[in-house]
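Chain naming follows the written order as A, B, C and D, and within any one chain the residues start at number 1.
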Amino acid sequence: MSPSIQKLIEKFSKFPTIGPRTAARFVFYLIKLPKEEMEELIKSISELREKVKLCSFCFKPFEPSPRDPELCEICSNPNRDKSLLCVVEKETDLETIEKTKKYKGLYFILGGTVSKLKKTDIKNLRTEELLERAKKPEIKEIIIAVNPTPEGEATALYLERLLKNPPAGRRITRLGRGLPVGGELEYADPETLSSALEGRK
Amino acid sequence: MSPSIQKLIEKFSKFPTIGPRTAARFVFYLIKLPKEEMEELIKSISELREKVKLCSFCFKPFEPSPRDPELCEICSNPNRDKSLLCVVEKETDLETIEKTKKYKGLYFILGGTVSKLKKTDIKNLRTEELLERAKKPEIKEIIIAVNPTPEGEATALYLERLLKNPPAGRRITRLGRGLPVGGELEYADPETLSSALEGRK
Amino acid sequence: MSPSIQKLIEKFSKFPTIGPRTAARFVFYLIKLPKEEMEELIKSISELREKVKLCSFCFKPFEPSPRDPELCEICSNPNRDKSLLCVVEKETDLETIEKTKKYKGLYFILGGTVSKLKKTDIKNLRTEELLERAKKPEIKEIIIAVNPTPEGEATALYLERLLKNPPAGRRITRLGRGLPVGGELEYADPETLSSALEGRK
Amino acid sequence: MSPSIQKLIEKFSKFPTIGPRTAARFVFYLIKLPKEEMEELIKSISELREKVKLCSFCFKPFEPSPRDPELCEICSNPNRDKSLLCVVEKETDLETIEKTKKYKGLYFILGGTVSKLKKTDIKNLRTEELLERAKKPEIKEIIIAVNPTPEGEATALYLERLLKNPPAGRRITRLGRGLPVGGELEYADPETLSSALEGRK
C-alpha cells in the first residue's frame, strides 16, 4: 500500500474502538469522497480546536459564547440544581445521563478510571480539580456515577476516600444497581439480584 | 433415521431450549451410554413422579417427608420470614433468588407470564391460589419478582390490579431496577439509567 | 433442592452441550409433564437399547429388520456406491452429509478425534475396524470428512498415515476448503482464501 | 451539544460502519488530541487527495511515481501474471487477497455489487471499464472473486452474462466454496457442504 495511505491508516487506528481493517475502510472512503465534502470535513476538524474549549467547571467540551466564555451550557444554566454534582468518567457518560432528562444537577468529568490505584493512573484523573469543586458549600450530594465494573468500583472507592470528611449535611452516593430493562432474573448475577431485592419498591 | 430414534428426537425437541439438532445428539449419547447408567437414568426419571410433588403453598417441587408431607423445605422452615411473599414466574427464578442468600421470606410460583393479558394466558397462571395466599393477614409485603421485560411488566401490572385493596399496612413491591454488575453506563437504556439515578444511595 | 431432583439434574448435566441450569429446566419440565407423556418418554428411552443396534459395517445406529439384521439402511442399500467410503467423526456428521443428498457412497463412523495423537485418544477411535474395511478392494476412494479444525487436521494426518500404501488406483481425499455460503472475503482467514483461490472453477 | 461538535459527529457518522455513538467518541478523542498530532492528522487527510490517485487499469488507489504515473505497483510489476484478471468488489477485498501471497495475477476493482440488478446499481459499477479490460487477448482467465452472498451471486451472474462469448481459450471462474478453516461440518449449510464434497481432493 502507498505510504500516504499507510500513514493515515495508522492514524485512524488510534481512534477509539478502531482497528486497522476499519481504518483502511475509512481511507478508501475518504479517497472516493467528493472534493467539497472532503474540504468540509477538514474544515470541521480544524475548527474543532478553535471553536471548542473545555468548560472551566465540569470539563465538558463546549463552544464559548461572548456571554459565557468559560462555562458550558449546563454549568451556566440558572435552572440547574447547584446542590447536586455528578462525577462521570468521560464525556459520553455525561451525554448518556443528559438523554434521560431525569438529572437536573451539575456534572464533573473525571477524565478516566483507575484500575489498580496506580499512581500513573491517578495522575491522569482530575482529582485536584474535583477536590476544588467539592469545597463549594452549596453542594449537598456528590453522585459518583462510574460504571459498575471492577475499574469503576476501584475508582469509586478511591473517590470516596478522597472526598471523606465532607461538610455536614453532604451525601456521597452511587448509582443504584438492579435488573436492567429487558434483563432476565434467571441470568442475573447474584450481586445484581441482591441489589434488586434490596432496592425493591 | 430409524423410527425409534426419530421418535425420541421428537420428544427431546420438546424439552426447553432444545432443537432437533441437539435432540439428535442426546439420542446418540444415550445409544452409547453404558447399560447401567442408562438404567439409572430411566429410574431417576421414573422416580421423579413418585417422589416429587408440588408444595401446597408455593408450588415448588419437593420431596415430601413424613414430617412434612405437604410443605416444601422453605415453606416449612420456621426461620423463614412469613411476612414476606415473593411471587416468581417459574422454579428456576426461585432457585436463582435463593442462591443470593439475601431473601428470607416465602415464595409463590405463578407458573408463567401473561404477554397480552389474553384470557387463555391468565387461565394458566395460579392467580386464584395467589389470591388465596394473599388473604393471610401476616403477609406485610408481596414482592412481584418478574423479569423487567415487556411480558414481565404486563404480568406485574395484572397482578397489582388483582391484589389491589390490600389489608392496611401491606405493601406491594417490585425488584429494583438499575445498572447490573459489569454493565456500562454508556450502553444502558434511558429507563435503566433513570432508575439507577433515582435509586442512588 | 430435593435429592431426586438434584440427582436427575446431575444426570442431565452429562448430556452433550447441557449445563446445570438447562438440566434444572429439564427436570422442572418433566415434573409438569402429563402422566402419559412421561410414560411414553420413558418407554422411548428404554426401547432405544432394545431396538437400536450399531451397523456392523459403518457403526451407524439403526433398527435391525429380519431382512437386514446386521447392516443399516445405507450399507444394505444396493444403490449406494460401494467404491466410496466417507470417514466421519460422529453420527451427526453422517446425518449432515446425508441431508445434502449429494453423496451416494458408504460411511464409516470413527467415533471421535485425536487432538494430540495421545495413545488413549487413539484407542477410543475405531482404527482397527477402519483398517479392516479399507482392505476391501472395491473401495476406490476414502474421503476423510473431518472438521477443518486443529483436532480434525491431527486426526486426518493420523488416518492418512494409517491408510498409507493403499491398493493401486485408490485415492485418499479430504473435503474441499473454501469460502462458505454467506461468508465474506474480507473476513476470511488467509488459509481459507488461499484454498478458495486454488479451488476456483 | 455545541454546533461544531454536532456537525463533526454527523460527518463521522457517514464513515463506513460508524454510528453516532462512536462518531461522538471520535470527536471527544480529537478534542483531547495534542496540537501537533491534530495538525499531522489534518495534513495526512489533505495530502490523500493530492498524493493518491486511482490506477488507470485496476482502480486501486496508489501514489503515482515519475516512473509510473498511471499504473499502481501491482499493475506495473513485470512479474505479475498478465493472463489472470481477478475482479473484486472493493479495495479491501484486493488487499485481503494480496495478503494470502498466493495470487500473482492482476486485479480489477468493480466498485460495488448489484443486489437486484437495478439499473441504478449497475450504473455505479465499472462495467464498461471491465469490458474494455476484457478485450485484451493475453487474459486467459477472469476470476470473479465476489462474496458468496446473495448480492455477490447476483453480481457474479450479471458479470458472467456481460463477459459471455469470450475469446477462445479464456475461462471465467469463481472462488471455490467449501468448509472454512475452523468450521464444523455439523453446522455447515447443505450448499457449502455439497461444494466441499464436490471439491474434495
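The rule we apply is simple: a residue touches a chain if its C-beta (ideal position, glycine included) is under 8 Å from a C-beta of that chain, and two chains touch if they have at least 3 such contacts.
It should be emphasised that the depicted structure is a prediction, and the values quoted were computed from it without experimental measurement.
With centres defined by CA atoms only, which chain is the most remote from chain A?
Chain C.
Indicate whether more than half of the residue numbers at the chain C-chain D interface occur in both copies; give same if so and different if not.
Same residues, largely: of all residue numbers at this interface, over half are found in both copies.
When the centre of a chain is set as the mean of its C-alpha atoms, what distance in Å lies between chain C and chain D?
39
Can you compute the centre-to-centre distance for chain B and chain D, using the mean CA position of each chain? Integer Å is fine.
53
So, what's the distance in Å between the C-alpha centres of chain C and chain B?
A distance of 38 Å separates the two centres.
What residues in chain D touch two or more of the other chains?
21, 92, 186
Quick check of your reading of the touch definition: is the inter-chain graph here a line, ring, star, complete or other?
Shape of the chain contacts: a ring, since each chain touches exactly two and the loop closes.
Chain D touches which residues of chain C in the complex?
Answer in residue numbers: 88-89, 92-93, 96-97, 99-100, 102-103, 143, 145-149, 173-186, 188-201.
Show me the residue ranges of chain B that touch chain C in the complex, using the header's touch definition.
1-5, 7-8, 11, 15-17, 21-22, 24-31, 35, 38, 40-42, 44-49, 51-52, 54, 61-63, 73, 90-92, 95
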